[in-house]
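Structures are listed in the sections that come next.
Below, chain A partners chain B and then partners chain C, in two separate complexes.
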Partner chain A sequence: MRERGHILEITELQTYFYVPEGVVKAVDRVSFNLAPGEILGIVGESGCGKSVTALSILQLIDPPGKIVSGQILYAGENILERNEKQMRGIRGKRIAMIFQDPMTSLNPLLTVGEQITETLLAHQKIDKKEALGRAAVLLQNTGIPDPKRRLKEYPHQFSGGMRQRVMIAAALACDPDIIIADEATTALDVTIQAQILEILQELARSTGTSVILITHDLGIVAEMCDRILIMYTGRIIEQGRTKEIFDNPLHPYTRGLLDSLPERRQRGEQLYNIRGVVPVPIELPSGCHFSDRCERMIEGTCERIQPPWSTATETHRVYCHLYQDGKQ
Partner chain B sequence: MNAFFKRYKIRGIYLFAFAVLLLIVLMTLVPGLFTGHDPYELMSDDLLPPSRQHLLGTDELGRDLFARIVYGTRNTMYVGLGSSLLAVLIGIPIGLAAGYIGGALDSVLMRILDAFMSFPAILLAVLIISVTGANANALIVTIAVVNFPRFARIVRGNTLYIKRIDYVEATRTFGAGRTYLMFRTILTNCLSPIVVQFTLLVAVAILIEASMSFLGLGIQPPVPAWGSMLHTAQLYLRKAWWYAFIPGFMIFVVVYSMNIFGDWLRDFTDPKKRSR
Partner chain C sequence: MNACILELVDARMHFPVGRGMFKAKARIRAVDGVSLQIQTGETFGLVGESGCGKTTLGKCILSLHRLSGGRILYNGNDISELSGRQFLPYRREISMIFQDPNACLNPRLKVRELIAEPLRFHKLALSRREMEKKVDGVLEDVRLNHRYKNRYPHEFSGGQQQRIGIARSLILQPRFIVCDEPVSALDVSVQAQIINLLNSLQAEYNLTYLFISHDLSVVRFISRRLAIMYLGKVVEMGSGDELFANPAHPYTESLLSAAPVPDPNNEKQRIILKGEVPSPLNLPGGCRFHPRCRYATDVCSKREPELEQIQEQHRVACHNYREVYR
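On to the complex of A and B.
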């Protein structure tokens, strides 16, 4: 993996939540890079730390959560050292985020035009008229017809899919380097989902914006992403090019996820399930977090010792005791 | 007409309240419309019963009662509205800060509010007036101090609820700072309950003003105000019962109407109603 020219380089990020029951290591030494123009998928079950990672990038972690340590290099600068005021110069302007529920992520009291121009006017020195013009163009680009009229309408006059298009338009308003889509299509119908993803992909490609696509849906990831990270209870357990991961899943958890897909079964065949349940984030085995559910666990090693990184190819890495330096 | 009434959820009692409040507004703004007499002028004999010349009779110094009632509206409303506005101006930032910032600030603010609310309103008012002296402006400050805690709590409650809704976080991810989020995003989304509370605050304020003036600690004669008229009228209950009855009745009707108006506003701005 080329180390030069990455738009985002995250190293050993640790975000913990201090709750009465103990310490939840929501993000436990996560490291990854993002290249300009790349679409990166972060995949995992609910609670694995995908969203917390995204929020950590924008320093939106509130107490009892805390970014404990790590480094996030954005265009070479460690933005974890930025204070709140400085972070506001990044949020929405250089790194933007799209949320899951289009029904609640738009302010019901502002027109769509006002919401998009809200961001524009906050970050750029343009006047209202110019901002509205730009907003109209953005709406048009996301496929909303008659944008000038639509700008004057309120969110409740839009359907879910259209609201997400508005969110995408707002996110792209200041031409950010990175867009983080946090389960942005989970709340939408499947057909609308496809449309939205297509729009996102097209816009990202044409503007050269990198996208971090957070989802639990492997199907989406297969369609959209150049590379994938797979997370489990706060750690990345495998990462690589999409094709590599799907063709050759190395980690037993990844294998389990892929095997669980109904598409991989014949009609009438029993669906596969990874045995056990995702552990409570406080009582985690000290070694590999997946060890107690793993079919190929090595007694004495996996549950006690932190698994090392092994590289299968230059881009495909797995965090597992089964592999030692690329050998199976 | 029926469709209009249905759309705005108007029923009989609300019409009554609207009519009363309209009357009050007119009496406050254009008292000359109602009476030609000067409320300060000692023009006739004392304590005359209602007649053609003096619609409600005269008071103990020969001033026209009706004129005093009409001009008194202005003073009463000045205190009622003024103190409520002040309470709102103090209460909103406190409620927003406590709700949004939370943590230690919230605890401290809530304990302070609790302290204020533990005091019986009238007692607190009397305490403050005894220090500042009794006049309309002191009364405004006093009533605001008595009223703002409850109002701040309501703002805080709404803030706690709204701040969890996605669009607040979304606006934050677009780079909004704390002040913007509190005052532009959250506040605008709880304006409806705030306006409703405001009308109820005014009702309470009028009552407190009346009580204070009745105790002799409010607006002082010769300035006309319903509460102070009640205070003076006590002495003449036997000879001129209407002197006490009229101001008391006015207070009752206005406070009642404001409460009804507040109820109507609450129903009218209920988000559960179907929007277009």
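On to the complex of A and C.
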């Protein structure tokens, strides 16, 4: 089913924010690959760096943020070495992004048609009429009835779910290789969310487009993703196939997250609490960032020494002192 | 059998909306004939998608909106017709926890002022020391260190802010709390902490909750009985166990199937609903759900179904529930 090779290879990516209080390592030595047609989930709680990772891929980091080091190979080429003009040829055309809140990313003064064709006209040599025709097809494909008429309407005339479809249509306009969906369904109702997820899944299956799905919702990744990365304070702490992560979570943080889900408990039981709170990003422990909240911390090791990556299976890896070569 | 603490009888909340000078006023029927009974000490779940009227219903109970029809009985007394002044004593008994703690905490007040504000408002003649003692007491109840009480809300994380919100609604020792999406804005691990907190407070003080949420898994976990709302109406009501195992309304069925399940081994059939929720200004005739319903028949567009009892604890408003319910 899958082709060999990766469409995206990220190695040791570091994105820092230089704020008055110090340096925030928002993305700290993050490495992962993405295969064509794969749906990859990046999961973590607010502030863990999942959105900054996505923005780094598109090089949309503004000061005080900066991509400090690392490599982002897109189709074998390091796009971190590209200049701004060359990046514009990639954004929207090869790698497209869908944001959480469509109302803030759609221009209220332009019709929906103008916004979808904007990408097309910028990247492809076609005239406006042709572009509008293509836009109508795109809207149709994302399940918007009567697309020709709706192209002439403005974003405020669309409901939340419909706006998110417009965003997807705009993202798909140039037939990109990768779509990054950053909490794209978080603001939507469950029944509408199900419709949008269905569209994304169908897309990956039928056209071989890769999808990076950024979410805090473990239910969504369980249903949608082939593989999952779990992030905590800027680092990936566990990665593996979806089944591996859910059936055999290794990192204490991953276990804690899964145990705190109400779906896994009966009414009347206590939900599992991960003790403490996420540390302030400029006061991180020098060893494992999770050590001060971890129930299985090894005193003298975890808080001081950075954990090694251990490999449980070919695809399942964990960043924790408790494991050596995947065994406890 | 527990006594009924709160009863809604055919509660209606219609909002007039202007449509220009010469056109007749239109009405949004946000809550349209809801009847339910909540027992003392239970958590009653109210589930629905945005715009279904669940928050409006919560606000009506607190008399923040005046009902356009029907009654609200609190311990047997009709509280829907009371004036603001007459309602004051009930305001001490019925309180509310909101979704976004950041939006409902005045950023210029310190935590202790925020928490003591209801005490001052109700002019509960307390000495300074008594007031401090009360504030310390609720801070302990919500597991916040009392050393924090001189800080401002922005110095806290989302979970801690929600604890402050809960402390504020607890300070007057209420009996009934409307929890309006109290954990929806929180991360999973923080959500678990707040749910545990709400549960232990309930056990400690015999509180009754109306728990409003769009998140089925949270509602299933926290409440024994629940009602599903769609466009201002309750479409199904019953015990959580029964509803989740044997949904009878097509809308409930599709909600359950649409909610993502955090278990990759779960191979459920996702039912994708057609279309979107219609505008409440322009409700479809007959059953409000019929344009999106896959079981709809002729009768559905003509006659509005009534809630009918199909089990001792299970009621549904659907002409064709037998297609769904087995």
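Criterion: the second predicted complex is superposed on the first by the 324 of 328 C-alpha atoms of A that agree within 3 Å, B and C clash if a C-alpha of one lies under 4 Å from a C-alpha of the other, contacts with A are read in each partner's own complex, and residues count from 1 in each chain.
Everything below uses one rule, namely that contacts are C-beta pairs under 8 Å (C-beta built on N, C-alpha and C of every residue); 3 or more make two chains touch, one makes a residue touch a chain.
Here the structure is a predicted model, which means the values were calculated and not measured.
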Chain B and chain C placed together on chain A: clash or fit? fit
Practice problem: For A:92, select first, second, both or neither according to whether it touches chain B, chain C, the two together, or no partner. | Solution: first
Chain B versus chain C as contact partner of A:119, first or second or both or neither
first
Per residue count on chain A, the busier partner among chain B and chain C is C
Of the two partner chains, chain B (first) and chain C (second), which one does A:106 touch, if any: first, second, both, or neither?
first
Exercise for review: For A:267, decide between first (touching chain B), second (touching chain C), both and neither.
Suggested key: second
Is A:277 touching the first partner chain B, the second partner chain C, both, or neither of them? second
**Item:** Which superposed partner A:63 touches (first chain B, second chain C, both, neither)
**Value:** first
Item to check | First (chain B), second (chain C), both or neither touched by A:292 | outcome: neither
Check: chain B-chain A-chain C angle from CA centres, nearest 10 degrees, reads 80
Going by the contact rule set out at the top, does A:161 touch chain B (first), chain C (second), both, or neither? second
In the overlay, chain B and chain C get no closer at Cα level (Å) than 7
Shared chain A footprint, chain B vs chain C, residue numbers none
Residue positions on chain C within touch of chain A in the complex are 49-50, 157-160, 187-193, 195-196, 199, 214, 216-218, 220-224, 240, 254-255, 257-266, 270, 272-273, 276-277
The residues of chain B that touch chain A in their complex are 103, 165-167, 169-177, 185, 188-189, 275
Within the complex, chain B is touched by chain A residues 58, 60, 63, 84-85, 88-93, 96-97, 99-101, 104-109, 118-119, 122-123, 156, 167, 170
As the complex stands, chain A meets chain C at residues 45-46, 159-162, 189-195, 197-198, 216-224, 242-243, 246-247, 256-258, 260-265, 267, 270-274, 277-278
